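For reference, the structure I am asking about is given below.
As written, the chain order gives the labels A, B, C, D, E and F, with residue 1 at the start of each chain.
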Amino acid sequence: MSKLHTDREYENELNDLRSRLAMMAYEVQKMIQYAVLSLQKSDTKLAEEVILKDHEVNRHEVEMDDLCLVILARRQPLGADLRFVTIALKMVTDLERIGDLAVSIANRTLKLQKMPAIQIPGNILEMTHGVELMLQLAIESFLDADAVKAESVLEKDDRIDELYHQLFRTLLKEMARNESLIEPLVHIQSVAKWLERIGDHCTNLAELVVFMVRGENIRHMNHAKT
Amino acid sequence: MSKLHTDREYENELNDLRSRLAMMAYEVQKMIQYAVLSLQKSDTKLAEEVILKDHEVNRHEVEMDDLCLVILARRQPLGADLRFVTIALKMVTDLERIGDLAVSIANRTLKLQKMPAIQIPGNILEMTHGVELMLQLAIESFLDADAVKAESVLEKDDRIDELYHQLFRTLLKEMARNESLIEPLVHIQSVAKWLERIGDHCTNLAELVVFMVRGENIRHMNHAKT
Amino acid sequence: MIKFEVKKLSAWYRDIKVLDGISMPILEQQVTAIIGPSGCGKSTFIRCLNRMHELSEGARLEGHVLLESQNIYAPKVDPVLLRRRVGMVFQKPNPFPHLSILDNVLSGLRLTRRPKNLEIAESALRKAALWEEVKDRLHKPGVSLSGGQQQRLCIARTLAVDPEVILMDEPCSALDPIATARIEDLIHELRKNYTIVIVTHSMQQAARVSNKTAFFLGGLLVEFSDTSQLFTSPKDTRTEDYITGKFG
Amino acid sequence: MIKFEVKKLSAWYRDIKVLDGISMPILEQQVTAIIGPSGCGKSTFIRCLNRMHELSEGARLEGHVLLESQNIYAPKVDPVLLRRRVGMVFQKPNPFPHLSILDNVLSGLRLTRRPKNLEIAESALRKAALWEEVKDRLHKPGVSLSGGQQQRLCIARTLAVDPEVILMDEPCSALDPIATARIEDLIHELRKNYTIVIVTHSMQQAARVSNKTAFFLGGLLVEFSDTSQLFTSPKDTRTEDYITGKFG
Amino acid sequence: MSLWNSSLLFRLSAWLSVAITAAILLVLVTESWIFFKQVSLKDFLFDTQWTPLFADKHFGIWPLLAGTFLTSLIAMLVALPLGLLAAVYLSEFATQKTRRLLKPMLELLAGIPTVVYGYFALVFVTPLLQRLVPELAGFNALSPGLMMGIMIIPWVCSLSEDALYAVPVHLREAAYALGARKVSTIFRVVIPAAYSGIRSATMLSISRAMGETMIVTLAAGQQPNLTLDPRIPIETMTAYIVQVSMGDTPRGTLEYQSIFVVGATLFAITFVLNWLMHPRRKCS
Amino acid sequence: MKVERIFRGICLAAIILPLGLLLVLLCQLLFQGFERLTWNFLTDFPSRKAELAGIYPALVGSVVLISLSTALAIPIGIAAAIYLEEYATKNFFSHLIELNVANLAGVPSVIYGLLGLEIFVRIMNFGHSLLAGALTMALLMLPVMITAAREAFKTVPMHYREACYALGSSQFQAIRQVVVPMALPGILTGSILAISRAIGEAAPLVVVGAATYMAFVPDALDSEFTALPIQIFNWVSRPQKGFLIDAAAGIIVLVGTLFVLNLVAIFLRNRFERR
């Protein structure tokens, strides 16, 4: 794969697609980070920033879809290039969804503003770090075409699920204990749920990378979702 | 578009892809219906059926992805055909997700089994009917390449969102009223959330159909998600 | 079912080795495509399958080619009879210019002095998806047809001698996309009854028409796999580089 | 910037009208591709852009072609001088068989008795991405090169007379995928300094190399749009049918 | 059937041509051998007179060579330029229609027997020329030379036109597309590309001129003079052979042997020309 | 532009000039010889009186001679061409034969006369007979025929032969049913041109010893013979003016015959020319 395409413009187009995906992933990662931070710090401005950022990500998605379509139309890619482009088509969907989920989290920051203040559970923070790392690894594995790294992402998802279920139990107990906190706690539960979803999307990304590199489909092999 | 491809095998391949998508949509639709029915009737067997069905849908997804990839490699589709195949690639993701969400709902049936029985709110049923119809319309619009019908799906999503928010309020109140019901009600809230997500996915499908038919991207134009 | 079994086939023109130890099976009622850069030995390879290779000057060959388990290079095999079982279609449509459409279709039987009649011609033309277009002018010269029709006429001519295998050496490279699409569609039809080996410059065409694809490079068989596999996930990096357009 | 403005161009061979009221602009420093089925008038169209059409017997034409706002069919325009501004590359690589590589490159200057030197040749060969391959054998005959190299030699020859526009009539249809990829890559380079019009049989090639694509059908211009638009979402159903392979 | 299939008859037919050449060589060499037993090679090469039919016999070949050379030279001076220009006209300027009319006409001319040209030279051309060139003899080298030139024009023209016309259209178009004018295209592209064909045409024409018999026999006089003056009678090698053959000279006489020697000389010269005409094939 | 027009004018002149000249000459000839052109001229024997002379024996001689040599040269020529183009593998010997044929085609016709004189007249002892003349003519025609037939075979592209083999035909079947039919127009044209060249040849016949005066018609292979060009040559060589008129008339017959033959050849070629 170190060889370059004879048609250098094609090479450039593929590189463009690759770096745009990396950029989009980077932005989405920042969105998750800021959304949770805004929640933690009750920082509405940060939350609004995340919400605004989403437009950019959405624009990215549309542009990337177009780019993929144009590459497919103009280059008729085959082999690894074809897998790369179709995978890119699917990855942007996941990335865009992750962005949306970050927006949902940021929205909770705004909603929680008007409610009794509560402590953000440690599990949420751990989950956040977990999914951020997963996203990071997924994108790195994509850029390096490194299937082993991608597979390491898959393992990490189990921990996220575990954290979520722990948290769910805890939250239910707390709700029962203090009914005035039900609404904020339901929101926190939603946030946890979304972080867990982000983990799932990262798993998707990693599976796609494995397919791109190895040409073999490992989706739904041993993972039953949610 | 009534003209056939000169290469009849190509025509067959595209038709195959089209009918498989329709079939997958049909199965997913059934899954939603049965999942909610199982919830309503506390019918664990029905719920398990839904969970099993998901494997089939997952298999479908993988097969369809492969089919799309092979068509892209072998036929180098252009124009409407290219849009069709790439859209199919994206649609299966949404359909598979809808299937997953139906499974999540069915899982709630199993969980609620061990808890105090509660009445399923009317909104859930209305939402179910709503998203079923949306899915139906989205697939029909896809099969008929009917952009107008697809746009009618987009409108319907607003009602689903409205129903969800209504229900959220009600559920919060009920939780506060009866804390022994908190856990089942949180589950119900999740179900509602998922139905709302199914609505979103149907919206995605419809937007893709509009793109396929008209060649213009309407995603993220005036919809801010969740 | 294996139709041809090629075993360690090497071929030379004078002292230049142009095929180097090719071994591969060719399955019955399937389309096998041969792709590779110019001069890699594609044409030479299929010409070895019906013993046309030996007609070139200085041509020499080693190894075995088994057609239904019988070595076609065994001394007792008559190449002329072999070629009736293994037909060939060429790059440039070449109907015989001195013959009418009908006579062109029957030319294989005329040449070999076998009985011929209108039914045979009609059935061959139908199989070649040409009957409807020419039935009203069977006695016009073959060269009065368009390029794509001429190529289908050549296919019909080959079908009329009732071969088991049809070799095609870049049958569409002189045709435009419309004529090409028709021939490709025809190949899908013919696959049901014949074993087809097609050499093509265009990977896209190989991807479209074939079940199996062999990638040749410098006289070597680099990769031989299912077409959809070869074009979506080839095993060899040389194949990968070639199909993705990395020619260095 | 508009380089060519074609206005209501119709062309005939004797009394057969092969182009019917074509109007379209050709933008500077862009690649404009012309696609369409065989015989739709693609070649005729580009031959009207450098007045090569009138060299055919019985050729006639109506309408205007403005090159930088000046009608190239105005009586005072010398077609020979025009052709030095608007170069052309043909389907079959056609280096002059009696000349060496170097002389081939400089042949345009020789033919028009203009000063020539090695620097011009080197720069033209560099622009045509051929210098590295031939610098050690500049005095070998031009026809000793491979097909793809010959075609690049023909491009270098055209570049040496320093044209503003380069017309290409199916420049890759006699080449294999590797040589084709090289020429296409070269076209991307050349686009920066020249206006290019390319006729091609292959929609895929048009999709790859061009910024704008015109689809011709039976002498009519059916659709002219941005290439990515035309191949992903064409406006006309005839275009749609053609690019998706629905040839009836 | 099997005889044909074995291609034996085909092969024999082809070898027949070799046998003919061998026979020609054999005949010429053996008869010359007899001749040189009686006449020394020195006389043959260095004597300046050729008078085998006189009592005072001289066997210097030079007068015959000069005659042959002179008539051929005149013929080529006429035929080459005119034939080439005519070929250029037909292939580069004429419309298809004109070409299709003129080319067969030229070929018709090429089919006219040489006796007829000899008749023209003797009966029409010489009297005409005598009015322009006062000292022209009734038999001379000029008139048959010119007539031979006219006779050869169709050959030069037809063969070179084939070569010019065979230059692919795309080469001309390439030149036009480079901004070349028609005349420079003709001189710098078409003619060079057709060069080997034109060269063959030239060689063939020279060889025909040297081997031409009837025109010179009839109109040049049959008097072996060692001269390059085109106005006086001369004799060519071919004419000498005919002259001797007409009188029924028996085998064994010196006259009889001499025609084979002259034949051998002619054969040698044309052989070299033919050899030049067919450049070693391997190069191309 | 001006240069082009001038050059074009020169070229046109180069073609018009010789054509025009010959046209004038032919008209003069026609004018001279026309009065002698009667039926009797064709059926009379030669005579010492110019007004009474006819070309009957020469005409018959020419026809018989040409028929004989054609019957020999054409099949052998085609067979040799088939061998060279279809069967021969490229090696030293085939190259030798090729060069040899090319050289033979350029050998002056008198030399063939010398060959015939030695081989047929003396060694084989046919005397100055029709047979010797016909054989000599056949030798003369052979290289022309081989070359023409080879050219015709060369115009049949290789891929048609391959098409035949791919259809399961043997090489002989391919040659017989495809190559020869496709080359036939070319072979035919070549044959006619070879024949018409032979009809006009005088020199080799003179050398072989054709009679210049014949009072009878040749009735056997070993009888003496004359031919039309010889008769004309004879008349032109005579000092009396009257025989020049006879010669003119003879030329009209000869050239007329050749024109007809050539026209047929041209017609054939135009009819079958592929391009």
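Assume a residue touches a chain if its C-beta (ideal position, glycine included) is under 8 Å from a C-beta of that chain, and two chains touch if they have at least 3 such contacts.
Because the structure is predicted, anything quoted here is derived from the model rather than measured.
Common neighbours of chain A and chain F (chains touching each): C.
Looking at E-F and A-C side by side, the one with more C-beta contacts is E-F. Separating the CA-averaged centres of chain C and chain D is a span of 34 Å. Chain centres here are Cα averages; for chain B and chain F they lie 91 Å apart.
Chain geometry summary: the mean Cα position of chain B and that of chain D are 51 Å apart.
Centre-to-centre separation between chain D and chain E, using Cα means, comes to 49 Å.
Each of residues 178, 181-182, 203-204, 207, 231-232, 245, 247 in chain D touches at least two other chains.
Residue positions of chain F touching 2 or more other chains, listed in rising order: 170.
Residues of chain E in contact with at least two other chains: 181.
Of all possible chain pairings, those that touch are A-B, A-C, A-D, B-C, B-D, C-D, C-F, D-E, E-F.
Here chain B touches chain D in the complex through residues 1, 3-7, 10, 76-83, 214-216, going by the rule given at the top.
For chain D in complex with chain B, the residues that touch the partner chain are 203-204, 207, 231-234, 237, 239-241, 243-248. The touching residues of chain D, when paired with chain A in their complex, are 178, 181-182, 184-185, 188, 204, 207-208, 227-228, 231-232. Across the complex, chain F is touched by residues 4-5, 7, 9-18, 20-21, 23-24, 27-28, 31, 81-86, 88-90, 92-93, 100, 102, 104-109, 111-116, 118-120, 122-124, 150, 153-154, 157, 181-183, 186, 204, 207-208, 210-214, 217-218, 238, 241-242, 245-246, 248, 251, 259-260, 263, 266-267, 270-271, 273-275, 277-278, 281 of chain E.
Residues of chain D touching chain E in their complex: 50, 52, 55, 57, 80-81, 83-84, 87-90, 92, 94, 96-99, 107-108, 110-113, 154, 157-158, 161, 167.
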